[in-house]
């Protein structure tokens, strides 16, 4: 089984950001995403999701460069005002080119 | 705390494959699984899940050998016709033997 | 993009443990968590969640020391009687101090 | 049935409470010369009657809710039905159709049932074969794609059945109480026939037994047949206990469901260009042909006019619950864009908005 | 109550609209010699009456839906209720039971209420103790397992209550309006008693205070008591505003809920072999004994026949909402296979299908 | 409207079936000397009448369910509504409000509609401006926070509208059928005005076009307007088909929804201390002032007393569906604690429990 090492980037964000984040992921080079509904708490107090619905957990498998770009973008645009976290993990995938 | 390094294999697949995938995971040596409902997009266009419901995200903690086997099996049987991706990540678990 | 390497600890547990686990995570030093609903099977047979609802999947980004503490705590208090598993994965985060 | 002057009107009691003017019953009283156009002949006055019926259908809350759903998705609204609500509503609708049918089935004589049942089976075998040949020969589709689409058009859409039921109630045309049984009869065979055709044509296909089994215990058949059995066993007195939920709310629930269906159909409409012109034409003409055949066979089988309209609509409708699931498993190489877009994006809206009153119009050729 | 010739029939107005022949009221008119078998004596004609009542119960839409649920899971159907639908239905049912009870409670004199309330408390303390001893001595269960099962059988199943309510409505037997209050009274004490027993026997068990607190504010008690309070405060006029939802749809919603419960029970039935023969017998005989005691105590407390049947059914029922959650936290070492399979897989179906008409039959021994 | 002696009572038919004593209609017959207090003058007997009306409101199942929800969360109960149930109920409520309004709108003459519509627009522009100035000057809030809160108070809460509708039905005061149209008219402009103010004050703010677009196709406006259109197109006969769901169950569904809203409001109440005393006062006094202005403008526009009460309540209510979503996107730097706690934790409960009967009382000053 030949595998490729990629980055699995995970974003936890308020639900109101869904459309915007998915659009931006695409334009930053992600070729796909998987998204689920979650609840959570962090250091920021109440956010709009308390009423408007849950947080989203968005995962995307990307090359290390795209991962870097996504993390920089999210940090710059969302950290100041929104309840958002982002992290990345090393993942082995089959069919590497599919994600590049 | 003594921990063991295992593989956390994640499969994202159309919901219609649920029964079949779980059966095959078991026969390939997985001792358990955790499954949640997600939505997603990738390089394949529309798939039946567009109507029949969401994607599934199936995670299983297994030994590296079983991980290898699962990834090969899924790649061979599902990649051609189904909207499926699979990847694996290194994980530290307590109670290693439980998963072997 | 400056990142920090932390531990992403994941707990899969019966839903009845929700309140207790979240309280304990906090007191063990976690600064936040993200939680979703999942189903699953493992080596333990039926558990109360079969009726009372699904399993929970709780993720928390913490320092390696806190991760160690959480894993030891869960192993000691929950493994004997409850359907619970715990594992950790290395993750790169932005804004490291937020999680410490 | 043909001997009796007025067909049985099982649902009539509940019409009485409806403040709807029974349009057609009055119009149908006149039965005289016929107008002919396109080699179809209508009674005089029928054109007017048909326009009125089209209007009643288009301005029903159900069809309007469907249009609202299409608008919502086309405009990009954030309106979204929780998937659980959709699932809950479809469980409710299937069970309600079954229950009501079962209560009435219990009062049906076998004598009036066997001929329509046979005709229904004939439709279930004939339609997918015809559809397959058309799709292969004229449409030049691959074997798997042709068989997959054929399975959908042979099978049946329970929500289209609910819509035609509601339509007939609004225009006060009675129909046989056992029609839900025909829904169940028509749902499975067509899928099996189409899969068999694909298998014969390609040779492949394992998991055949599993497919049959999954179809028969699939949720839509199980709820329909289960509802029929419960209705038949519990009878009128037992059913009265649950009537406020399963009859009283039926059309309201259908309205909500069609709102969601409109959103789904609109998502499929985006794929219209991808599926090509042939399939768009097929999605409109095939139901027309099937509807006409269904009405004709229904009239041969001695169904009342209402019953023939229902059978025609069933024949015209394309499945989107049982068929997609079965086809995805049994014919994974078939492209879901084709069958989902054709059945959900084209044929379902067509039947809902235009088809149903049209089948009513066509039925006047036989009654 | 015993002084008045006819017991209050708070629910009678709504029967009038029901097209159900009030079977038993006619049959009960005859009251004469008694037949004796197994040392139980019945009035002549009672056997016939009981068969009819069993038939009415078995062929009710609710019981049939439960059977359909069992079939669905046994056959491996893909029918699945969204968990949210299940949660929504149980919130609805508990609140509806409470609301209706509250409206009627407001019109109950304390004089007729205190004796049944005391008897209910006695049941809540007595049943878990008896069950515990039986399970330890005869069943040879571990302390934790015995106490866990005892907690379930002492406590009460709100859905079984809903089923007996519906049954009595169908056979036109009135019962006291304050019965939902007794559901709330019976739900908690038994669990506490059983946990206390386990604690005394083992010495362990922290988080005791938390358990009591969680029981009292647990969703089922909160909705029942909350509903009772709202019903009592808002009165008949206020309740009339929400009656179409909370009364009109009640039995339909119960039918849907029992469909889901059938699927759950069927999953538990798979564990039957694992739990052993003793527990299977216990799951049938314990409710019988509890039912008989409940009816007897009810008759002593001056309840009407209908009221005694309800109290007997409550005593016979086993909890599966409050008890499992509390026991899982307070007695984690108890094996959930035992208590869930016994209460959900054995006792619940038994009560629903056979127990309820049987408690009716047993009640004729006292009335 | 002012010319006709008795205002139109579109909903009266359904009152007849309600066993509620039409309190106020009798009381309002007497119209004589006035009592003055706090420079407000009431008719003699009005104080008594108002107390009775407060009682009717406080002891309605809806308000009591809201209180139960607050209790559930305050006590830490594990009662939790599935989010899907909440979403489903709000889709239902918005559509039901729209549908019913649409049927009646179709029978409204433009002549009686334009003045109230203009007054509503005036409210939608005036209230956010006044609120903004108060919050900046007296409350010393940041620009973004002040504009965010102003957007909420200018816009409107559909559930508060449903509550005042239900209240007027219970006290048998008729109101104009086109009020839901005013809900839709009032919802959007205020948010736009407030965002515009913030933009002018800070200069920033991209994605402006997107915000307007998202507001207009946002689910609450879409369902309201869509429902209005469907109701108007389908008319009374079409609507009768779905009335059991959309009218019959309305108040029951509202009760369930308010149970959930109570739980949400209780979570917001925990933040009370964080938002400071000024905002608590603002959350009570602003709706009072807005309510009074709304009633006054309503009376100027020739609305019936019921219509003026509704318009006052709309003006007094604060949005919590459209506004939070729009504000979070357009003014992310505004602190959600402020606007959510004020609108959900303070103003909503205030209006529900005290405000609505109070606006009734205030309306007697003008009628």
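As written, the chain order gives the labels A, B, C, D, E and F, with residue 1 at the start of each chain.
Everything that follows uses one rule, which is that a contact is a pair of C-beta atoms (placed from the backbone, for glycine too) under 8 Å apart; a residue touches a chain by one contact, two chains touch by 3 or more.
Remember, predicted model here, so these are calculated numbers, not experimental data.
Shared contact partners of subunit A and subunit E comprise C, F. Chain centres computed from CA atoms place D at the largest separation from subunit C. Interface of subunit E with subunit F: the two copies contact each other largely through different residue positions, with under half of all numbers used appearing on both sides.
Taking each chain's centre as the mean of its C-alpha atoms, subunit B lies 20 Å from subunit C. Here the CA centre of subunit D is 42 Å from the CA centre of subunit E. Residue positions of subunit B touching 2 or more other chains, listed in rising order: 36, 89-90. Counting only residues that touch two or more partner chains, subunit F has 82-84, 244, 248-249, 325. By the definition of touch given earlier, these chain pairs are in contact: A-B, A-C, A-F, B-C, B-D, C-E, D-E, D-F, E-F.
Here subunit A touches subunit C in the complex through residues 12, 36-43, 55, 57, 68, 71-72, 74-75, 79, 85-90, going by the rule given at the top.
The touching residues of subunit F, when paired with subunit E in their complex, are 18-21, 59-61, 64-65, 68, 71-72, 75-85, 166, 169-170, 244, 248-249, 251-253, 255-256, 259.
Looking at the complex, you find that subunit B touches subunit D at residues 14, 16, 45-48, 50-54, 80-82. Residue ranges of subunit F in contact with subunit A, taken from their complex: 83, 264, 267, 271, 274, 320, 324-325, 327-329, 332-333, 336-337, 340-341, 344. In the complex of the two chains, the subunit F residues touching subunit D come out as 82-84, 87-88, 91-92, 95, 99, 213-214, 217-219, 222-223, 226, 229-230, 233-246, 248-249, 325.
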